[in-house]
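Okay, so chain A shows up in both of these, paired with chain B first and chain C after.
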Partner chain A sequence: MFTIARKEVVETLRDGRFRALAILVLALSAASFAAGWRHYSDVQRQHLEAQEATRTQWLNQPAKNPHSAAHYGMYAFKPKSRLSLVDSGIDPYVGVAAWLEAHRQNEFRYRPAQDRTAIQRFGELTAAEAFLVVLPLFIVLASFTAFAGEREQGTLRQLLSLGVATRDLVAGKALGVAAALGLVIVPATIIGVAALAATTEFGGLRADVPRAAWLAVMYLIYFATIVAISLAVSAWARSPRTALVILLAFWFANSLIVTRAAADLAAWLHPTPSAIEFQTAMERELSNQEEMRVRLDRRREELMRRYNVSSMDAVPINFSGISLQEGEERANEVFDRHYGGLFERYESQNRAFQWAGLAAPMLPVRSLSMALAGTDFAHHREFVTAAEEYRRGIQRVMNDDIARNSKPGAAYTAGAALWAEVPEFRYELPGVSWAMRQAAPSVGLLLAWCVAACWLAARATRRLGVV
Partner chain B sequence: MLEAVHLTKHYNGVTALEDLTLRVNPGDVFCLLGANGAGKTTTINLFLNFVQPSSGTARINGLDVTEQSLETKKYLAYIPETVMLYKNLTGLENLEYFSALAGRSDCTRVQLLDFLKQVGLQPEAADQRVGTYSKGMRQKVGIAIALAKNARALLLDEPTSGLDPKAANEFSALLARLSQDGVAVLMATHDLFRAKESGTRVGIMRQGKLVRTLETTEVGHADLERIYLEHMHD
Partner chain C sequence: MLATLLRHDWRSLSADASIWVVIGVFAAAIGYGTINGARWVAFQQDAISEARAEERERLERHETAIVRINRENATISAFADPRNPDAVGRSLGARYVVLPPTPLAPLAVGQSDLLPSYFKITTDARETVLAATEIENPHRLLTGRFDLAFVLIYLYPLLILALTYNLLSSEKEQGTLVLALSQPISLRTLVAAKVLLRFTVFLAAVVGLALLASLIIGVDLGAPGVLPRLAFWAAAVAGYGLFWFAAAVAVSALGKPSATNAMVLAGVWLALVVLVPSLLSMAATAIYPVPSRVEMIQATRVASDEANAEGSKLLAQYYEDHPELVTGDAQQAMNDFNLVRVAVAAEVERRVRPVLDRYSQQLTAQQQIVARARFLSPAILMQDALNDIAGTGAARHRAFVQQVEQYHERWRAHFVRLIFEKARLEDYSGLPRFAFEDEETGAVSRRVAGSLAGVAVPTVLLAVFAFVRLRRYPLVG
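This part shows the complex of A and B:
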């Protein structure tokens, strides 16, 4: 088996086409890592600066009414996960910053993809793209002749006449392809690690190690799947040309068509409202004054009961603070319902996309890649929720202060001490186990693909026809 | 060593081989003569278990080839019309690879080079890539593989067709040597002259049937040709 593998590697290495292709793939992944690293460093630096600037602005507000401060607001910047330099996922499409202000949960703004043409969207080459799209092509080209080529050359007869067990032959071939692949993957990985290591100015790498390790494992399972499929087709096809055509068709469908088709299918199954529809529906509900009046009356009664008084004038706190907070609470319920519904739709789309992974191994590995890089929708939602929690916290601190400290009718201002009561916004990427739990169906599907492909290869090679 | 018992093969209703019974003992060189489609290659494919017999059995060293396919191949070497090798490897590397897969991974470089010398390959060719080889050189590497494997039975499918007379002659000499060493040889060929020269027996095949078997010592070359043509005509 190792004899076979060694001969495969020697033969492959002597093939000039292989060498050229290997260098090309390596150059592509190096370029994509470099671009990913630059982009990550630039954006991360800008975000840190902007985050600090917005914090400084907040703290340095002059004395003013807390509600004005709440309106003044601040930005929350989504920190880029370090592995986004491998797979930028949905980051370019969902926006990187939200304006946190009184009364409103704003949508995320500043989507890098907004500034691009449709062509550029296609053109973005991330390291994930190089690994998941270009490398499989390399695998196909390195292995389509494995059996079909030897059959055409006549060397398969020669091999089988020697009494080589087909099991050894298949294992040797797989190992040979794996070794040739390793010659590309290992240097590419080293470049990737170097790119990650060049970002230590933004904190230690330790937190990203489990994510990166799992990412590598998932990619390897994916590559194994492609190798097994290639060997199966090569064993099954009559001529190397047939094998190549079938495998190229598979590659094209798997890497280019299925992803788009699955996304379209998911959007068709679970349509999301347009931004205008969404806003209008939410505004309509927010502008319902009647409901607000009822709720405020209830709050007044509660307060009078709590302080055991019969008139609002006798309540020792300022009702305008309570009223503002009640407005927030009510709006929050509306936001939760509307954004929650919208996000549920996105989640449904994601689930549909995940299950479309039954059609091609690219889909589960793509979902997993984004999940582990921290750039999928689940991570985005997690961050949006955290930012919104933070916004609500600001409002609560401001409104509580108004209720406690201001007097009705009198002008009231608060100062730096109150601004500092609002803690700095800090967001930590969830742990790897959280990410893996979110992507559990994809893990299952990818493993299923790998097992099915190996079974197919075993079946196709059990009786190798020589004629 | 090689034994066919009522061996029959049909392909989609067409009979490729009908009721072949023959026996090739150690030291025998049995030449199968016949036109294209007479069933010579089918016979060899059946012994290699590359195709399944419709009925009857093929045995090598007493073992049924369909039941103990891998075991029977240990005794066997196969040399086709053109020995197929890996173009990007040298002759020596090809020999090393094939003999290692045949279970001789213990062969040293010196031993392997010696095999190539025995079959008459020019010493400087051993380290050249097979892509540059002539057909005769490939056939020699094929025999070297058989030597390295220490095969007890040899299946040859028109091994000398397209070889120049000198190369064909060398090939026959090697065959004679192997036969003296007790190797059983079954060779399919078109070449009556070669069959008479190197064969101990010849069998004439026509439309899947073995119609005549002769000892080569019994007949002269002219007689063999006459008998062959007689069988082809009726």
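This part shows the complex of A and C:
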């Protein structure tokens, strides 16, 4: 078996095409790691500085009414996950900043993709792209001759007549391809690790190690799947030419066709509203004055009951603070309904998209790659929710202060002490187990593909036709 | 002779299942792609009419309110007063500007899913107005659309290669090549006949199917400019197809076995359609990186904090710069909130301008690199041509944004004057209007012709190479 593997490796290494391809894949991954590293460092630095600056501006506000301060607000800037240098995922297509102000949940604005040229729509050359799209082609080209080639040359008959067990032959071939693959993957991984290690100015790597490790495992399962499929087709096809054409068609459908077709189909199944439709519907609900009046009356009654008085004048707190907060609470319900509904739509689309992974192993591994890199929609939503929670917290602190400390009719200002009561906005990427839970169906699909591919390879090689 | 060859080749081609598989796959992809394009255009048109309806309804509501307020002599807060030019310009009277999809927009989604086709114009800062985006699942933006342009740029060349990679090698491997050439025909004529047949089949399939699909989804062929654009579209499809035929024949002419041809051609396809564009994109962003927009946000924030602190001083300055706006008692105006705000906004924009300019300079520099280097890949040229023809490219959108910027200036100037004159609006008939002036067909044609020429040059070179090499084609062994 090892003899076979060694023969495979030697043969592959002697092949000039293989050497050229290996160098190409390596160069591509090195370039993409370098570009990813630089982009990550630049953007992360800009965002951290900006987050600090917005905090300072908040703290340095002059004495003013707390509600003015709430209107002045702060900005939330989306931090980049470190592994985005492996897979930038949806990052270019979601906004980087949201204004956290009173009364309003603002969208995250400024998609980086809008500051780029049209050719980026051909796809970003990330390390993930090099691994998930280019490397499988490399596997296909390195293994399509495995059986079909020997069969055509008649050496397969020789081999089997020597009494080599089919199982050993298959394992040897697989091992040979894997070893050749390792010659590309290992250096690429070293470059990747070096790129990650060069980002320690943004904090320790510890939190990202499990994510990176799982990422590597998922990629390896994917490569194993492609190797198994290639060997199965090579064993089954009558000529190397047929094997190659089938495998190329599979590669193309897997890496390009199914993804796009599925994304459009998912959008077809779960349509999203247009921005104008979304805004109009939300404004309509927000401007419903009648509901607000009813709610304020209820609050007044509650207060009078709690302080056991018969008139609002006798209530020892300022109702304008209560009224502002009630407005926030009501608006929050509207935001939760509308933004929540929209995000659910996206999630339904993404789930439908995930199930299209039944047709192509690329889909589950791509979803997993983005999930582990922290650049998929679930992670984005998590951050948006955290920023919105923070905004609501600011409003609560400001409105409570108005209710407690100001007098109706009198001018009231608060100062630095109140601004400092609002804690700093800190966001930590959720743990790896959270990410894996979100992507659980993809893990299942990827494993299913791997098992099915291995079974196929075993079946196709069990009765190996020699001619 | 050629006719005999064609007839014979067609007989063997059509007897093979592969051509029918290829045409079947192609037809399905074209149908799905066209329907997706049409659905997207319908979505955009719905959004546009929704915007128009919202605007009409809002303006009517406020105009009715003006009549009522005047009649009842009601008091109303300045922010909600539909007669107050400041409130009208800032929100109540806001108007939408629209980039209408062209009749051929279903043929290529292009950049239209990323760059918004309508903006709501207010007196807010330009960057705020232009920051609006259409709602879209970011995941779908990342993946890209399965539209007709995708089918043509990615799938079409692969199907061509699938039918031509073994053009000569299979006949050689089966031993029929020598037989065929024992007849009084040259190898070049044989190759020409084979290419001609396959090219005709493909072109007829694409153009026929796409036209059929366009008619089904209701493209108006009679609309101005549609027929010349369709002619350009057909030329682009033919030109891009010919490039891939030339590439396949050139590789075939080297006389390698079928499997090698398939590998080489798959590599060429990967390089030109996937790697060159993404490497180019990477290089452009690495050489001229556009900083994150957070820098702009922070600069604006700092500038407006400072400007707000200087409020009335800035107004005095503003009056010096715009003496035509001085009406009545300028001293009293110094305390006018609305007037101070106009002056502050102008000052903020003046201070932020250099930061904003840097974004557009970097992006322009990227575009220039890409504009030069796009000739490295026919796929990029094809994308440019298809987007230009469908009116969904970056160039048309840039023209739109430029006109929107001018209109936004006019909108602001209109309201600044009213604010300074302390005018009260009695109706909204005088609000500035926007009409998009579309690019001239001539300008589009010139751009498309440039892209097509870029595809034609390597095609000719490959064809010449193949022509020369075929003389030395090894018929056996």
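Keep this in mind: the second predicted complex is superposed on the first by the 464 of 467 C-alpha atoms of A that agree within 3 Å, B and C clash if a C-alpha of one lies under 4 Å from a C-alpha of the other, contacts with A are read in each partner's own complex, and residues count from 1 in each chain.
Rule of thumb we're sticking to: a contact is a pair of C-beta atoms (placed from the backbone, for glycine too) under 8 Å apart; a residue touches a chain by one contact, two chains touch by 3 or more.
Computed from a prediction, not measured in an experiment: that's the story for all the values here.
Colleague: Please work out whether A:Ala386 is in contact with chain B alone, chain C alone, both, or neither, and reply first, second, both or neither.
Modeller: neither
Colleague: With both structures fitted on chain A, tell me whether chain B or chain C touches more of chain A's residues.
Modeller: Ranking chain B and chain C by residues of chain A touched puts C first.
Colleague: For A:Asp42, using the defined touch cut-off, is the partner it touches chain B, chain C, both, or neither? Pick first, second, both or neither.
Modeller: The answer is second: A:Asp42 touches chain C but not chain B.
Colleague: Which partner does A:Pro273 contact after superposing on A: first (chain B), second (chain C), both, neither?
Modeller: second
Colleague: Tell me the contact category for A:Val245 with respect to chain B and chain C: first, second, both or neither.
Modeller: In the superposition, A:Val245 contacts chain C only.
Colleague: Taking the superposition as given, does A:Leu205 touch the first partner, chain B, the second, chain C, both, or neither?
Modeller: neither
Colleague: Just checking: does A:Lys7 make contact with chain B only, chain C only, both, or neither of them? Give me first, second, both or neither.
Modeller: first
Colleague: Counting only touches as set out at the top, which of chain B and chain C does A:Ala452 meet: first, second, both, neither?
Modeller: neither
Colleague: On the A-aligned overlay, A:Asp264 touches which partner chain: chain B = first, chain C = second, or both, or neither?
Modeller: second
Colleague: On the A-aligned overlay, A:Met304 touches which partner chain: chain B = first, chain C = second, or both, or neither?
Modeller: Touch partners of A:Met304: none, neither chain B nor chain C.
Colleague: I'd like to check the shared interface: which positions of chain A are touched by both chain B and chain C across the two complexes?
Modeller: none
Colleague: Taking the touch rule as given, give the residues of chain A at its contact with chain C in the complex, in rising order.
Modeller: The contact residues of chain A facing chain C are 17, 21, 28, 31-32, 35, 38-39, 42-43, 46-47, 50, 53-54, 57, 75, 77, 89-90, 92-97, 107, 109-125, 129, 133-134, 137, 141, 144-145, 240-241, 244-245, 248-249, 252, 256-257, 259-261, 263-264, 266-268, 272-278, 280, 342, 345-346, 349-350, 353, 376-377, 380.
Colleague: Give the list of chain B residues in touch with chain A in this complex.
Modeller: By the definition above, chain B touches chain A via 45, 48, 50-51, 69-74, 76-78, 80, 82-86, 88-89, 93, 97-98, 100-103, 105, 145, 149, 155.
Colleague: Considering the complex alone, what residue numbers of chain A touch chain B?
Modeller: For this pair, the touching residues of chain A are 3-4, 7, 10-11, 14-15, 153-155, 157-165, 466-467.
Colleague: Which chain C residues qualify as touching chain A in the complex?
Modeller: 29, 32, 36, 39, 43, 46-47, 50-51, 54, 110-111, 114-116, 118, 131-146, 150, 154-155, 158, 162, 166, 257-259, 262-263, 266-267, 270, 273-275, 277-282, 284-286, 289-295, 297-298, 301-302, 305, 359, 362-363, 366-367, 370, 374, 379-380, 383-384, 387, 393-394
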